[in-house]
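The structure under discussion is supplied below as structure tokens; questions concerning it will follow.
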Amino acid sequence: MNVMELDLMERPGSETVARREPPPFPLTSRRARATDTIVAVGDTWIGGGSLALMAGPCAVEDRAQMRTVAEALCQAGVKILRGGAFKPRTSPYSFQGLGRGGLEILAEVGAEFGLAVVTEVVRPEDVSLVAGYADILQIGSRNMQNFSLLDAVGSSTRPVLLKRGMMSTIEEMLQAAEYILYRGNRQVMLCERGIRTFETYTRNTFDINAVPALKSLTHLPVIADPSHGTGKRDLVDAVAKAAAVAGADGLIVEVHPHPEDALSDGAQSLTLEAFARLVAELRLLGQALGRPLS
Amino acid sequence: MNVMELDLMERPGSETVARREPPPFPLTSRRARATDTIVAVGDTWIGGGSLALMAGPCAVEDRAQMRTVAEALCQAGVKILRGGAFKPRTSPYSFQGLGRGGLEILAEVGAEFGLAVVTEVVRPEDVSLVAGYADILQIGSRNMQNFSLLDAVGSSTRPVLLKRGMMSTIEEMLQAAEYILYRGNRQVMLCERGIRTFETYTRNTFDINAVPALKSLTHLPVIADPSHGTGKRDLVDAVAKAAAVAGADGLIVEVHPHPEDALSDGAQSLTLEAFARLVAELRLLGQALGRPLS
Amino acid sequence: MNVMELDLMERPGSETVARREPPPFPLTSRRARATDTIVAVGDTWIGGGSLALMAGPCAVEDRAQMRTVAEALCQAGVKILRGGAFKPRTSPYSFQGLGRGGLEILAEVGAEFGLAVVTEVVRPEDVSLVAGYADILQIGSRNMQNFSLLDAVGSSTRPVLLKRGMMSTIEEMLQAAEYILYRGNRQVMLCERGIRTFETYTRNTFDINAVPALKSLTHLPVIADPSHGTGKRDLVDAVAKAAAVAGADGLIVEVHPHPEDALSDGAQSLTLEAFARLVAELRLLGQALGRPLS
Amino acid sequence: MNVMELDLMERPGSETVARREPPPFPLTSRRARATDTIVAVGDTWIGGGSLALMAGPCAVEDRAQMRTVAEALCQAGVKILRGGAFKPRTSPYSFQGLGRGGLEILAEVGAEFGLAVVTEVVRPEDVSLVAGYADILQIGSRNMQNFSLLDAVGSSTRPVLLKRGMMSTIEEMLQAAEYILYRGNRQVMLCERGIRTFETYTRNTFDINAVPALKSLTHLPVIADPSHGTGKRDLVDAVAKAAAVAGADGLIVEVHPHPEDALSDGAQSLTLEAFARLVAELRLLGQALGRPLS
């Protein structure tokens, strides 16, 4: 546990004599590339100075829901639609997603509205199936150290959005990314989505420190998920803007036409109206920071 | 997060008005069975009052190593041999196990010495392969919420040793077990192996509270892993005995003929001599508690 | 533990039936006051829309050090100087601060440069002494639940900066503030300074969620400490700006003329040059947000 | 944070090159004394191989309550009575203890039944007052790093029971003890009482690892508090026995004649009958381990 990239860090109060060693994630490390990795998706890109937005419901529920969300994204100028078809759920009795049917809805709605789509893949053998529908393959928090799944997406040509394990260290996340790069897929984005702590007021504790830390440790784009990072709709706005200012290359936000009826994660989903306001504020903030929305 | 089995627990200081609802793990709950589940393995059994011991190296390294360990187990009266053939490792550059070759060594040495064997399976598609060699299928900590893997072992006829996720609550563990039982496999053992906390002196914090908590919440046997639970050889002895006294139905302990040369987890592995002493102490303790070693 | 303000929160996934009860911190709650509390200090104020800056070394070391820092603050337009005279230290063998001599230096340098000063008080019997020198009384993280100290500053007429305990929940912090308000002192600021988690790359995990959460739960000003919140100089800049954007009413930042020689907390202290750059960036950000520096 | 006693530990997986340095708690370290410290209290002693028991209610409520408890202790052969007169409470509106009146009841009942008494002191200026009534001065979890209080009890001649902070590492606890020893008081006992983790089923996570870890790192007696360590009455029994087997020199247990009416901590208090059963089981266990109750 807690092996460290010794040559990049200093531990306050530590008596440790740091050896100058290569970091345990050579391909992922900043030292592997002089410039930031930029991931091209549809007609947009992630990384390199702009602020990319991805939004949509936790789960694909039906076509009408997805079309309503997609239309709102287009009006807001957002270019990437999210939605889960395979849902890893704590209980076997919870809604597990629509599966292949959900993928079809997602892809068709994306095509209709000219949006790229991102969705989660949970089994190695589903990678080629999901890659047939999605522009970005998402690895969920519970699977960050599912190494056979990492190997499988590492052999795909689709970009990967790797979510941080809820109790994984920053370095473990970089080593998980290394599995994917090591297999040949260099189009990886790292997603901070909150960690598990003693605090129970929020669902997770969004680790804002991880945003600048990752930006200094790796050349890969960093995405922030303020929805899972807080678990509470009323905190999403502030944390989204904070993550952008701290250097995140993009945000992924849960929105739902009717959060109170959502089949999962309703408490942390923004309404379409609230999301439109957030995008407007992010646009203004981006102008002040010299970072256009992409 | 932190949904609770409301009718079985009382939250100190909480203002919560608990509703009387069924627990979210109906098959796993104590209420599902009047008596403890007893798992039969080889010529021994786990659960029902005795104390079962499992021991062996973290990873199967070669046949000589495994034969040396097996011989020591026989001398100590221990009947279940552990050893990893597929090793989930944080880094892609770490030793990943011998794979099928490791399974073969494990099974042959087990047969030679009359020991049942337990080993980890990490991919759904490997379940039938591993079940062909092993008496018990182990689900590792990082895979506790790998639901497709849980489904796969749930369809196997082999008993399953489910390790608690290092970041998972007691209730999430019970819900993970529910996935397996729901698929039809009722031979499940729950393994407390330490959780991740702020304490860095030890590798993990062994959650001794979880042992009696699980015994009251479920009819499944509870196994303790003091090796991962502490990460330090010098603490294994005390925590092993503590877990037994707290009600664990069995222990799984890492031993190695030469811990200093181990390919993984050397710092927490007992020597064969130290293990023999621990078994002798557990036998005495078991006599005092009326719990024979099985 | 973790009693919650039931009528203000919704717990994702919880089966809890929330009762409508008054929050356990009636004076501190938003419902106690229609408008934000504004704390007046020297010729500046904290709360009410502006962004207040406080900066200085962890410990007062000598007059020359403090004069150098104070001069840099004046040039940057910062109006509040921090510096510790009584230092609570983990080890009895660490530098414990200059005590009364440090208070004298701090007060004299503050007067010379027209700066208000903030410093920590660690014993109830020192409150009147410290209040004779300081404009703001700081309660440190380790003393957040030192209730006799809270009672003592609650009886003072000086404003109080209450730092969050490193393992205290948001609600416990609000209840700690309640002790101070209950004694009659309404001039309290709440300081998020990072919590203790499993992550070891950073010294603490700055809880950005706590900033908007506190703003919604209480009328008191919220201050962010990105220095302790990260423990690493290179992360201070990003987290300071993030906290400001998330709604913090002020920032307290450790600066030192020569961080490498600091008697404490050197690894997280900014140089004077880096601090000047940060203030310039915060001024631009504040203009974009309509929040002038105060 | 997390400075380590480098020459006594090995960090699994760490690349750290440990320097051989003295531990940062020289007086508290095992190396300071060849033999275990034994603390004499009344006509009993703590440390040196026996198992000492302390029990009583969280708070002294009235004389009748304390007499009922004391009588039960005498019948069970227990020699140390606990009871809080000064109660540090999260909320200013909670019962804060009877103060001096509670000390008087405690001392009188102790004298009447021939029991030594232990009670908490929360302010430096109260140390001599409390020492006038109590045989052992308890430092509570929230005050483990209240250094002026540590200094004050370090100058007392009464033995001290130092509870681990709920957010403190093992090493920070040893450094807190060092403050007391450094002031001259060598009669210190260290109490593991559970740490704060992400697990919410229990109030705290009892750190069983800390028991053998402390026994190897220091010569001071180690006491376990399974009541706060679990927060649930039904788990106290198992964790108490586990701590004893893991090497604790004593146990401190909350008991109450009518837990459902207790003014604080009722959910974790044993009834007198349950406590008598626990003592009987501990006596049998102690015989098996060669550790008589003291």
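For clarity, chains are labelled A, B, C and D in written order, and residue numbers in each chain start from 1.
We adopt the following convention: a contact is a pair of C-beta atoms (placed from the backbone, for glycine too) under 8 Å apart; a residue touches a chain by one contact, two chains touch by 3 or more.
Nothing here was measured: the structure is a model prediction, and the numbers come from that model.
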Rotation, 0 to 180 degrees and nearest 5, that superposes chain B on copy chain C via CA atoms: 180
Interface composition of copies chain A and chain D: same or different, split at half: same
Taking each chain's C-alpha mean as its centre, the one farthest from chain C: B
A-B compared against B-D, more contacting pairs: B-D
Rounded Å distance, chain A centre to chain D centre (Cα mean): 46
Whole-Å separation of chain centres (CA-atom averages), chain B against chain D: 32
Numbers and ranges of chain D residues touching at least 2 other chains: 1-4, 11-13, 167, 196-198, 200, 203, 231
Contacting residues of chain A [partner chain D, same complex]: 1-4, 6, 11-17, 19, 21, 167, 196-198, 200
Residues of chain B that touch chain D when the two form their complex: 2, 4, 9-13, 167, 169-171, 195, 197-203, 205-213, 215-216, 229-232, 234-235, 237-239, 241-247, 265, 267-268, 284-285, 287-289
Touch list for chain B against partner chain A, complex: 1-3, 24-25, 88-93, 122-125, 142-143, 145-148, 165-167, 172, 175-176, 178-179, 182, 196, 200, 203-204, 231
